[in-house]
Structures are given as structure tokens and as C-alpha cells.
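Per-chain numbering from 1; labels A, B, C, D, E, F and G assigned in written order.
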Amino acid sequence: MNEALNIFTRGFVKENPVTKMLLGLCPVLAVTTTAINGLGMGLATTFVLLGSNVVIALASKAIPSTVRIPSFILVIATFVTIVDLLIQAFSPELNQSLGIFIPLIVVNCMILGRAEAFASRNGLWYSIIDAIGMGLGFTFALLLLSIFREVLGAGTIFNIPLVGEDASTILVFALPPGAFAGLGLIIAGLNSLEKKMGDKK
Amino acid sequence: MISEAFIPAVASLGSVALTLGLIIFYVSKKFHVEEDPMVTILNDTLPGVNCGACGYPSCGQFAEVLVETKDSSMTCPVGGTDLAEKLGDTLGITMAEPKPITAVVLCQGDNDTARETAEYLGIQDCWAATQTYVGPKQCRYSCVGLGSCIAFCDFGAMRLENGLIIIDKDRCTGCEACIPACPTGVIVMQEKKAERYVIACNSHDKGAATKKACDAGCIACQKCVKVCDDDAIVIENFLAKIIQEKCTSCGKCIEVCPTKVNCILLEEDLKEAKQKKAS
Amino acid sequence: MYAKVLKTYRDKAEIEIICTDASKESEHCGACTMGQKPSSKPRAVLAHNRVKAKTGDMVEFEEKEHAEIKAALVLLIGPLVLFMLSLGIAGSMQFELWQSFFFSLLVLAVTYTILRYFLKDTTYYHITGIK
Amino acid sequence: MESVNLKVSNAPFVRSKDSIESVMYNVALALAPATVMSVYLFGMRALVLTVVCILSCIAFEWLMDKARNKPNSCLDGSALVTGLLLALNVPANLPLWMVVTGSFIAIVATKHVFGGLGYNVFNPALVARVFLLISFPAAMTSWPMPAPFSFDMMVDMETGASPLGILKTDGVQAALASLSLMDGFYGTMTGSLGETSALALLAGAVWLWYKKYITMYIPLTIMGSVFLFTGLFHLIDPGTYASPAFHMVTGGLILGAFFMATDMVTSPLSIRGQLLFGLGCGLLTAVIRLWGGYPEGISFAILIMNSFVPLIDRWDLNDRKAENKKKPEKP
Amino acid sequence: MRPITILTIVGILSASLLAVVEDLTREPIAIAKEQMKRKAIEQIFPFPFDSLRTVTTEQTTFYEAYNQDNAIEGIAVETSTEEGYSGLIEILLGVSPDQKILGYKVLFHRETPGLGDKIDKPKFKEQFKGRTLENTNWKVKKDGGDIDELTAATISSKAVANAVVKGLEFIKEQYPKSSAE
Amino acid sequence: MKTFKTGGIHPPESKFTENTPVELMPVPKELAISLNQHLGKPAKPVVKAGSEVKKGELIGEADGFISANVHASTSGKVKSVKPHPHPGGHYAMTVFITPDGQDEWAEGLNTDPVDWHGFSKEDIIGKIKNAGIVGMGGAGFPTNVKLAPPPDKKIDTIILNGAECEPFLTADHRLMLESPEEIVEGLNIITSLFGGEARAYIGIESNKKDAIETLTSHASSKGIEVVSLKTKYPQGAEKQLINAITGRTIEPGELPFDKGCLVQNIATAVAVYEAVCKNKPLVDRVVTVSGLEIGKPKNIRALVGTSFRDISLFCGNLKESTNQIISGGPMMGKAVYTLDVPIIKTTSGMLFINNVGIEKARERTCIRCGKCVDVCPQGLAPWLLANVAQLREFDEIQLLGLANCTECGSCTYVCPSKRELVHWIKYAKALVNNRQKRKSA
Amino acid sequence: MNELSGLLLVIVSAIFVNNVVFARFLGICPYLGVSRKLDTALGMGFAVTFVMTIATAIGYVLHYGILVPFKIEFMQTIMFILVIASLVQLVEIVLKKVSKSLYNSLGIFLPLITTNCAILGVALIAIQEDYSFVTSVVFAFFSAMGFILAILLFAGIREKLEEADVPKPFKNVPIGFISAAILSLAFMGFSGLVK
């Protein structure tokens, strides 16, 4: 159980796919204009990760190494398309704002990476935990960045206004430069935080 | 329930996948690269710092040669005994125990013991200082004390204290990266030993000159040579040297050394040794 | 920059580049400009062998400047430009989409077939000494 | 042993009197006419804004030195110049909190994060200006009308678009009607603090040039290329494109070309590099002015060219190396 | 040969799965799209309506909203202009059967955030309610008209006004009678 | 007025002693004669503690092709031969002589001048070699070697270097005023070695008007051209001087003789004259003692081996506030760390200064102002060299022309960030050398 | 003429205004990962150019040749990614055959491309924007040029930053993002250039 906990938690900070492993950065930067988008993207990715991890954990024995990567990509793409269709059906607004980045989950290197590095070598149970842990870690990073950007850039949080309509918010944070700067700051912050914690130990 | 998209979807994707499979199958047959899995395994076991202490330019190279020759005398000083065991297990041979070596600074001329020359204000680097003049310490064989070597140590085993380099023997892996970094050559490599006596001085000046320059300098007075029953001390070029293979750690030399700050050192952490001496 | 000789030809040799870097400051291998991590896969390249190194020798080698860029230009950008040109030509000849597409694929294939003869033993590396 | 306490350092033992301080304070001095002019045109508010901007820059510099454990550099003049230039780059009625935010961006996010003086890749004052422009477009594009000798604080004064803004939105005729070239030259037009008076700026620039703190390669290529490029299109279609003279005196072109593109930290060192840099700045400025969404392009142009500086440096470096390789040393 | 078979099988399985899911979601997606439209129209109409009829003409698309009695309660028309500060602005304009504006919603724009994008803010939109082609001088105040322009975004304001006029004129063409009433 | 093409600076001249005639310094109580007074291998000692020597007697014998003889600079007894601080900063084998006060020349030395015209080339070069003459302009290259270039190199231009471009220094200036005949004769001897066609020049900076006049009046009749040079540092550096006078450029890796040129210092010319005509070995030289911290700045003629301490006492002692003593000029000299160091054949000056505000780490970061590039006479990019040296990328730095730097110090002089540019360059050179040594070992 | 000026707009837009990296956020992983050295960046850029252009062309043909006629547009993602993956593999085989030595010189670039989302992204955008075949190809090629521009500028800055005294927590990645932020700030100057 301890092992499971460990697998589950490491995706948050220690091996966070975004801030530590720098994987799947494009959606992170692109869709984090509002917290809702961030959350949506994170959960969609988690779903794909979970699905593909499960399938791959179950089927990896049957897949010969030569066609491993193409098969994995097929599996991942299937789940991505499913998510895409589901979002289109049940949350058209989200679909509109996430746009092209839903299909791009396919190339989120994190997913292929987890499939290769974890799911194909570990059992179903651990793969599920890993998927959820990593997915939530991804979502966590997205949420952090998107809240940062939404609060500073639009003056709202989850679309709830924090300041009056006429107040000047720092618009750059809603624009591309703000995405880069925000992520840079978050990583730098986590770096020094981690160092401080390490020093304390 | 078969939807209208079902057949084209399955057919097109299936055929693309089939083509792809064919290509990959063909390729993997055609371009298969034979690689000894053992090398990869060993490579993963090795420390991977590519420090060169083993005599090969990289850990991977070491692994390759080891797999090829199964030469049990090859050692990785960084990994130490543990690693040797592991490597041996993997290869099914008994590896030679690497004799762990450590860097030793042959100088005790810190800011208290060594007398200074003019203050040095140039680039704070041992090479730059010695290239400008004899250096901040009168003794030109000394540890210059600007710490150029520290950056070369991958393992954080060196630190500067009171104008002298101190080597953390626990961290030092004997990779020898610091040796070429030092302009005065006061760092040498010696086998790691629990108890070891060294003449911690590098000065080849005559006794009088040495004494003038430093309280901890070896003045080549021959006392230790005479008292040593094992002929383990020789004097070369006005400097005593303990031959480690012969030294039995009897400690007699340390009793007779007349220098103000004993230039013979019971080799542990220098600081501890000093404290011991003080008490 | 060090390498191991895998195979020798008349005036060339196939060498495997060894990644070295003992300095902790840099994360990448000092043996090539690729910024590879020292642990990544070895690369074997063809090199001029003036010093007559033999198989198994450890050699020092030099890389002609911008080897990767030159290789990429010859191998990728040249053919790609031809591909696009042929698309343009096909387009101006009022080909159909399918036709012009396959026409340019054909051009690409032909380009590579021709290149194969020219590039067989082009190399941007020189062995400079035996270690 | 010695009666004197000798110190050993390396030759040369004499050094010129130039220092970072002298360079920076001279730049500040060169900007003084433009600053005085801005106070004359926009009154007390301009003065308050300038002082706040400079002080906040120096304060951030001090804070960063403290935070990074570096020797104190807040009085070396570079923060002063950055602050002054930032102040000259914003409208006189910009809310003070925005000014301080700009200082933060300049000193902390553009200078110290990259390592401090000498290491920054981008021009701090310009990054701050563009940051403000994009974050607070309304505040950054409504300029107070110049009101010479009005020493009030312009709480709610009349604002207007700058000549370039009018050019962009209302076309050439309106823009030309809004000012005479002489207005532009003396500076009695709307604009940021230091953008208005070509005369005051040029006086300062000539001083800097005379003192050899700047060379004229960059400014002249910028001015020249903007002149030629806008001139070309003016000839083609004078109805759509304003005359090159109009482009010369309006907006931040002179301030940018002579004081900001010349920042040596963020511009190339070699002469050909400087020419290339200037040409790039000029063309980009003209393109943005003629067809872009923003009325003024010089800030963006300089920032974009800043990012090319490492490549230009690299070009010089490679050439140096190639040259030295060609003539191998004889043993 | 196994790899090929496996890959093909994976491909076929994926495709089948997808086809099934697609089949299942086709309807919901269509409904969702409809729903989106309806929601948008609901936002501009201040009243609930019962059914919607979509009319596509050569120039544009418009929607008629009916109440339970099958009487037209409102018309929503897609209209656009290229004259925004950054080009295209698309709006969905809602008018009552007597061709008074009920409201509008911006469907697409690229105006500067913080300036031109205020055309989608209630404060600006509010003033259009109740205006008709006739009762308003469709110029901005600056040019002597009735429309309050946004500070520092006159161009966007003008563009919106123009788009609205275009929409109103289109409706007038479509429903000449009702306007005559 | 001629000058070199690229770069150069003009530091304050501070030539306090230009009107002070050369004063002869008496024999001190002890002499420490270094056996390493030249470029190349140190001389081999040929005396032992206790030997009696006469003035001018050989005490160190040239050891190898590039090396030079060393002679006793006074008569007395050898006290010891041991390592001793050297003005170069390090220890060198040094012969200590306790003078007997007689200052008595050995047999056959320092005779009355004879006419040299009958001497053969070999004779002349042999005499120069025996007299232990080395370049007195700073580098100390054995003159006999320089005067016998490989036969395939044709020398057509001989230049006497009277630029004395370093601030403070006036030794050459005084020499030009006080010994013009010897200089001209020396130059004639050198020129004669290269046959009739070689043109002879004397290059003098324009701030020494009197010297230009004096030498013009002595030299013009002998077919020697005195060239007035713009006062600009480093006008006296060999490559720059050649460029100024002939317009030729010594390319990286070339030596002056590759371009048909030969440059000698003024004092070297005098020494050559004395060696050839008077059989006088090089045992003394003119030294400028200057700086704000010395009691009486002077030009003195001192024996080789006189310690800095003795000289400072002779010149009115140094002040308490002295914190740097420099051997040589302020641009190229070296700070000495003890007053025990002796002067050697190449010591042209000795400065006592209070370098205010020198402290550790006054270096700041490069602000890329480009001044160093503008002033570098060798057309280098000093800032880049220093940066690369700081990064310790020694392969890279060699490609940037490290070897071409003459270490003139102009770049460091102008740098507003007070970077130790030359020092970084010297540092890189030292490490590059060390690496090459280790590689070949 | 009109067509040409249309293409010109597409080109300017692809390189400057809607730069893949700075405005569209595509290909960020290689932008950060392979920009440590200039040469590497350029080599990677070329490889991306090749694959991006050809993948977009094939994608176009696939989309309008198979997906649209059979009404299986929902298979777009899976088809495209399969095509890209196999294209990369195919290119690898071909290049290896053509010149093994040169292929090895750029060995590590190609496999990395499969997971570069810019490739798939650009192929999808070309479809989304309803570009014609030629426009799609031109768009893809110049998007790649935009990528090269971005990655080159960034590599230059990063090489310079190796000498710089960047505060510890900002070393490497964070300062890379800050530079990218300022770069994209500067590139916003191009906004409005193409309406």
C-alpha cells in the first residue's frame, strides 16, 4: 500500500510531468487562460492516461516490441478521439475553448512516456494508480498556472469576478507572454521551495 | 448495430495499420542491431559520472571493455567495493577489490601557520596568483588557498578553510580530477587507510628557508627517519616522505618531530587531527 | 572527442562516438554538438581515416564545423525543396490534386535514389590521432 | 619585514577614469534636456512620474542585490537610466502603480533574473514599456495634450491620440492636420514624456556621441532605413502612407534609435553587427508602423532585434575563429 | 508475422471502438451544437421561447424564435463587419418582431484585449437595446451620432454599430411587412 | 607624424623625470645577480660561494641557443648561489656578491673605444654574445640570436625603438639626450651586419621633441632616418612600431624578420656599441625611478643586481603610503612583493605608487561597451577572450587569437567595468601552456 | 496576383504573426529541449521542416481523399498520428539507406519528432483553416520556418545565458520560459499585420 501511495503522490511535485519532466507543455501553455479550461484539459488528459495505461497494462504482454510504439499510439489516439467526441457531446463550451488541443493530447509525450515506462512494465493496479497520480499532477500544474493567469489577467477565478468590470487587470497574463512567464515563475518557485525543504531535511 | 461509418473506419485504419506493420516488420528484420545486453546492464550499474578515474573515457566504455575481456582486475574507484561486488555478480566473476584511494593535501600552511607575502589582489584563482608571483604565501610549494581545485571535484569533497584546502575523505572517490587543477601540485593520491601517517608538507626548500616561511613545514631534520623502525621514511630533496606500504602506523615519528606545528599528521580529517593535537 | 573504430574501409573508418564529460556543470556530452546526454545511444559515423587506425582502436576525432546542419541540409531540406518545387510545377501544369501529390512523391523518391549514389561515403568527421 | 604593506595585482597599474557610473550618469545627463522639456510640456505630473519611476527602479535594484547577495549596485547609474528611460516612454498621466509595476518588470524580471547588469538579453526599459502597453492599452495610449507651463497634476485632463495613432486610425490627412513638422521637432504634440521633442533628444544624443559613449552606426541606420522605407511607400501612394519626415519626428523613433537601441548591453559589439541591428530595427519599425496593429513599432523592433544579438555575436565569433584558423600559428 | 497481425488487430479494434463511440455520440453532438445556438439566442432574447427555426440565406443565417402559439417572438441574425480594429467582427443580433433591438452577442472578434474587446461587455451593449434603424443616428457621439463610443476604441465601436445596421437592414428586407405595420 | 593603424590609448604621461639627468648610483653593499635575466633558459652558474670575481667576469654561462651570459657587475666575493625572488615574481637562481668596493674591471674589459669597421660579422656577433647582451626594451631576447636571423630571411629595415610609450619611464629618453653618439654608432654596427641595403630608422614619440632634435642632428648625416611618432600607447610595441614606420603588418604567428624588420631598443644599441667597441659586458643600465611615493624621482645608472631596497634608499626612500612597487612601466610592469628583488638587465623602470582603491573583486561584469575592442592594437576582442577564459574553455580561446595578444594592457586600461582583461588573458595563456605540456608529457 | 498576395499573407502570418511557438504554443517541448546549442537547434529545425511539410501534404490528401468521402472525419486524429509516426519511421529507413553516416549525424532528431505536437498541430490547423492544397503545404513549410526562427533565437539566448549569472532557482528552464515570454511579448508587435 505504501508503494501505491508513493506511486500516487510522486506525480504532484517530485516527478510532476509539467514542472519537473517538462512534458506536454503545449496544452499547458495554451489552454490555461481560465481555471475551468485548465481543469478541463487536465481531466481530459487524465482520462486518456488512465484509459491507455489500463489497456496497455493489460495488453502489453501480447504486443511484440517491434510494433510497441505504433500500437501504443493507436491506443492513445483512440482514447483521445473518444474524449474529443465526449466533450463535443457533453460540454460544447469546453470544446470551443480547448479547440485543437484536444486532438493534440495524442502527442502529449507524457502519455506515451507513461505507457512505455510504466504501464507496459507494471501490473494493472499500479498502472491505474500511476495514471491517476500523474494525471492529477498534470491537472494540478495546469490548475496552478491557470488560476495564476486568470486572476492576474482577467481578474476572475473560475469565471467569478474578483474585481470590478472597469478595473485594469494585467492583461499580458491572459496572452501568450503571460503563459510563458507564469510557467517560468511557477517552476522557479517550486525549485526554490524544494531546495528549501531539502535544506531543512 | 452497425453504423454507416463502421466499415470504412475499420477498413481504412486496418489497412493503414497493416501497411505500417509490414514496413516495420521489414525494417526490424533488416536493420537489427546486435547489442550485448550485458553492456547495458553494466552501464546502468556504473555511477555514470564519466570521471575517467578507471582509465577509460566514459563509464560506457569501461562497461564494454569489461564485458569483452572479463578482466577481473579492472576497477572503478568511484563505485568502491560495493560496485565491485555487483559487477562481479553480474558477470559471474570475482572482481578485484578496488583499492580505494583518496586525495591528500600535502600542506598545513593555513593562514596561521604559513607566513604571507604581499596581499594578492588579482583574479582569485590559484593559477592566476602563482602566475603573477610566488603567491600569497611565502612558501612556493604550498596550497595557494584560492580554491581553484574545488570546482573540479564532482563529489563536493573539497572545501577551503582558513586558506587551506581540506579534503573530506568520506566523499573523495579518488577520481583524480583535482590533481591537474592545482598549480603547485600539493594534492597527491594515496590509498585510503584507517590510520595513516603522512608528512603533510610539500616544501623542497632547505630547512632554514622552510622554517622562515612556515610553522608547519618539514625541515628535513632526519629525526623521524632515525626513529622509524620500519625504514618507512625517506628524505628526498629536503622533504621527508612516508612510504605507506612500509608504514606500520606505530606513531613514533610524530613524537619526535620538532617542528612547531607538527608536520607529521595522523591522517584523518585534518581538523579533527588538529583538535587532537591541541588537546 | 574520442571514438572507437568499428570497421575500416580504404581511406575511411566507421567510428562510434563516445560521450565524455566529466564536468558536472554541463548536462550534455562534450563529444558532439548535439547536446546529447552522456548516457544516450551511441552514434556510429563514417570518418576520414588518415592516421590508418585499425578496428578496435580508440581514436581522437574532429568534427567539421556544423556537421549536423550540413547533413540536414543535404538530406532533408534539399529534397524537401525539390518536393515543393515539383508540387508547384505539377500545380501549374493543371494536374489534379492526386496526380500532383504522387508526382512530387515520385520526385522525392527519385531524389533519394540519386542522392544515394552521391552520398555513399560523404563524411564530416576526421580521425586525428590514435589514443 | 617590510615597512610598507605591499599589494600585488596585475598590470596595468593605471586605469582610465571611465567607469560604469560615469557612462550611466552621462546618459542620464544627455537625457536631461528631454526630461526638462517633458516637464515643461506636461507639467508637475511628468516630474512626479519621472521621480517615482527612477526611485522605484533604484529600490528594486537594491532589493534584488540584497536578495541575490550581490554587492550593492543600486547607485551605479544603470537603474537610474533604466528608470529615466522608462519614464520617458510612458504617457504623463499613467497611474503611478502602473509605473511601479513597469519598474518591477524592468529591473526584476528583465535585468536581475538574467543575472543583472551586463547579462540581460533584452532592454529592460523597453520590456517594461511593452509590458505596460499590452497590459494596460487604454492607459498607455491616451496621452495628455501638451500644456506648456501648466504646473498642475493633470488629474482629469484632456487626452488625445498621438500623431501616429491618428495616422493609424484616421489616415494620413487627419494625422498631418494634427501637427506641423515643426511641432514634431520642438515637441509640442501628444506623446509619451520623452517622445515629443526631437530637438531635446538630438541635443543629448550629440553630447553622448561627442563623449564617445555611443556610436552613430545604430541610430543612423535606424533613422535611414525608416526614412527610405517609409519614403518608398510614400512615393508609391502618398494618400495612404505618410511622408518620411512625418515618421522621423513622430513617436518614439528618435528616443528609441539614439538612446534605447544603443544600450550596449543589448546591442551588438561589432560595427557590421550594429549596422545589421540598426537595419533590422528600422525595417521592423517601418513595417509595424505601416501595416501592423500597433501605431508605433520601435519598441517591438528593438526588442526583436535584441533577441538576434546573440546570433549576431555568434556570427562575429565564428568569423574571428575562422580567420584565426586560416592563419595557423607557426611554432 | 505476428507483429503485423497484432498491429492490424489493434488498428481494427481501435477503429471499431471509435466507430461505435462515434455512433453513440453523433446524436448528442448534434443536439449539443443546437443547444449552443439556442443558448446564445436565449442570452440575447430577454424572454423564453419555445421553438427555433433556422433560415439560411445566401447572405447569412438567421433564426426565428416562436412562442407556444407559433407566433414569431424574435429574430436573431448573424451579421459581421471587416472594419474592426483588427478586422472581422461577427455578432448575433436579436431583434423583436417590430424590429427593435433586443440585444446582441459577439461571436467572433480579434480586437485588442482591454480596449476593443469591451464591445462584448454589458456596459457597452446595454445602449443598443430598443434602438431601431429609424430612431437612431447610427454614428458615434464623436461624429455627432447617438452611439456612446468606448474610450480609446472608437473604431471597434463604429464597427459594431455598422454591423448592427447591416443586420437591421437585412431584417428589414426579410420582413418588410412587419416593419410597415 | 606616423602611427599604427588600429587601436591605442593615451594615458596620462606622468614623465616626471624627463629633465633629470642620469645619475650614477654607487655600488651597494650587496648585489643579487639573477641568472635568469633574459628570455630562454637561465644561465648556468660558473662560480661558487667563496669565489673572488672581478667586475665583468663571467659568473653565469649561456645554457643553450636561446640564453645569455651573465657577468659580475662589480668586483668582490661570491657569498652564495641560491634561489632568490626575481622581479618576474618567482624565484630564480641568483649569485650573491659582496662587493669589495674597488669596482675593478677584469682584464681587457671596458677598454677605450676602438674602431669596429674592421671587424667581421662573426666577430661582432661573438662579442655581443660574450657580453651577454639581451634586449633591454623589456622582453630580454638574446640580442646575438636576434641579430643572426635564418639566412633565408632578408632584413631590409632596422628600427631603433625610442618610443618609450609607457607613462613615467624616461630612461631611454635620457639616454637619447645624453649618449646620441653611442646610439648612432650602435645602430650603425647593427646595420652593418645586414649589408648595405638595410634602411635604418629611429622611431621616437613626438612628446620627446628634444630627443628627436638631438638624434636628428647626429644621425641624419649617417643615412639614418629619425621618425617622429604620434604619442600613443603602445607605440613602442614591436609590431605597432613596425606598422607605424613601414606600414607592414606582422601577421599572427610571424616574427618581425618574416617581414624583413628588426627592432632594437635604444639602450640595447648603446650596449651593442659598448660591447663591440669597448669590450664591455652588460653589467649596468639606466633605470627610471619614479612615482608619487618615492622621495626623489630620478634616472639612475645602476648595477645589475642592485636591490629595489637599495635603490629606494638612494632615491630618497619611499613613503609610508606606498602600497605597490612596480618593476617596469605602469602598463606592462609587474608588481613586486618584496623590496629584496634585484634589478635585472631588462628593468627599465621602478615605480612607487599608492594605488588607491585597489581591493579584491573590483571587477564588475562586462557591459559590452566595446571600448576594449576599439583600443586593442592587435584587433582582438579582449572582452570575449576574458569571458572565454573565465569559462575555462581553452580550446575555444585559442581560436580567438589568444596568442596574438601582446599583453599591452590597453584594454584593461579603458574598461569602465574595471575588468582584469589582460590578467585573464595571461591566465588563459598559462593554462593553455600547462595543458600542452601535460599533453606532450 | 491575388493568390500570390494571399500566399504572402499566409507566409508572414505563419512566421511572425501566428508563430507556432510564440503564438500557437506548439512544439514547446523541442523548443526547450533541443535548444541548448545553435547547431542542434538548426538541425532539429530542418528535420521538423521536412516532416511537417510532408505530413501536412499527406494529411491533406488523406483528409480529402478518404476521411471526407467516407464521412469518417472523426478518425482524423488517429489517422494523422499514424501517418506521422509511420512517416517518421519511413524517413528514417530511407535516410539510413541513402547515407548511413549522414543519417547518424542527425540521428537523434528524427525519433523526437513523433511526439512534437507542432507536426500534428500544423496538419490539423491546415485542415481547420480550409486551406487549399498548395496553401497548406506552403503554410506548413513556413510554420516550420517560424519554428526555426523561434528555436534559433532561443538557442542564441541560451548560449549567452550560460555565461550569465542567473539566480539559482531560475537557472535553465525557468529563465528559458522568461526569455520565451519576452520574445513572445516582442512578437506581439506583429499582431494586426495580417487581418
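One rule holds for everything that comes next: a contact is a pair of C-beta atoms (placed from the backbone, for glycine too) under 8 Å apart; a residue touches a chain by one contact, two chains touch by 3 or more.
Here is each chain with its UniProt name: A = Ion-translocating oxidoreductase complex subunit E; B = Ion-translocating oxidoreductase complex subunit B; C = Positive regulator of sigma E, RseC/MucC; D = Ion-translocating oxidoreductase complex subunit D; E = Ion-translocating oxidoreductase complex subunit G; G = Ion-translocating oxidoreductase complex subunit A.
Quantities reported herein were computed from a predicted structural model and do not represent experimental measurements.
Identify the chain pair with more contacting C-beta pairs: A-G or B-F.
Taking the two pairs in turn, the one with more contacts turns out to be A-G.
Please indicate which chain is farthest from chain G, where distance is taken between mean Cα coordinates of the chains.
F
So, what's the distance in Å between the C-alpha centres of chain F and chain D?
48
Compute the distance, rounded to whole Å, between the mean C-alpha positions of chain A and chain D.
Roughly 41 Å separates the two chain centres.
Calculate how many whole Å lie between the centre of chain C and the centre of chain F, each centre taken as the average of the chain's C-alpha atoms.
Between these chains, centre-to-centre, one finds 54 Å.
So which stretches of chain B touch two or more other chains?
5, 9, 12-13, 16-17, 20-21, 24-25, 28, 117-118, 121-123, 132-133
Of all the residues in chain D, which ones touch at least 2 other chains?
Those would be 5-10, 109, 115-116, 119, 131, 134-138, 293.
Return the residues of chain A touching two or more other chains; collapse runs of consecutive numbers into ranges.
66-67, 70, 74, 77-78, 81, 85, 168-169, 171-172, 175, 177, 181
Chain E touches which residues of chain G in the complex?
It comes out as residues 72, 74-75, 78, 191-192, 195.
For the complex, give me every residue of chain E touching chain D.
85-86, 112-115, 151-152, 154-155
Mind listing the chain G positions that touch chain F in their complex?
Contact set of chain G toward chain F: 162-163, 165.
In their complex, what parts of chain B are in touch with chain G?
Touching chain G: residues 4-5, 8-9, 12-13, 16-17, 19-20, 23-24, 27, 31 of chain B.
For a test of understanding, state which residues of chain F touch chain B in their complex under the given definition.
It is residues 85, 89-91, 334-338, 358-361, 363, 420, 423-424, 426-427, 430-431, 434, 438 of chain F that touch chain B.
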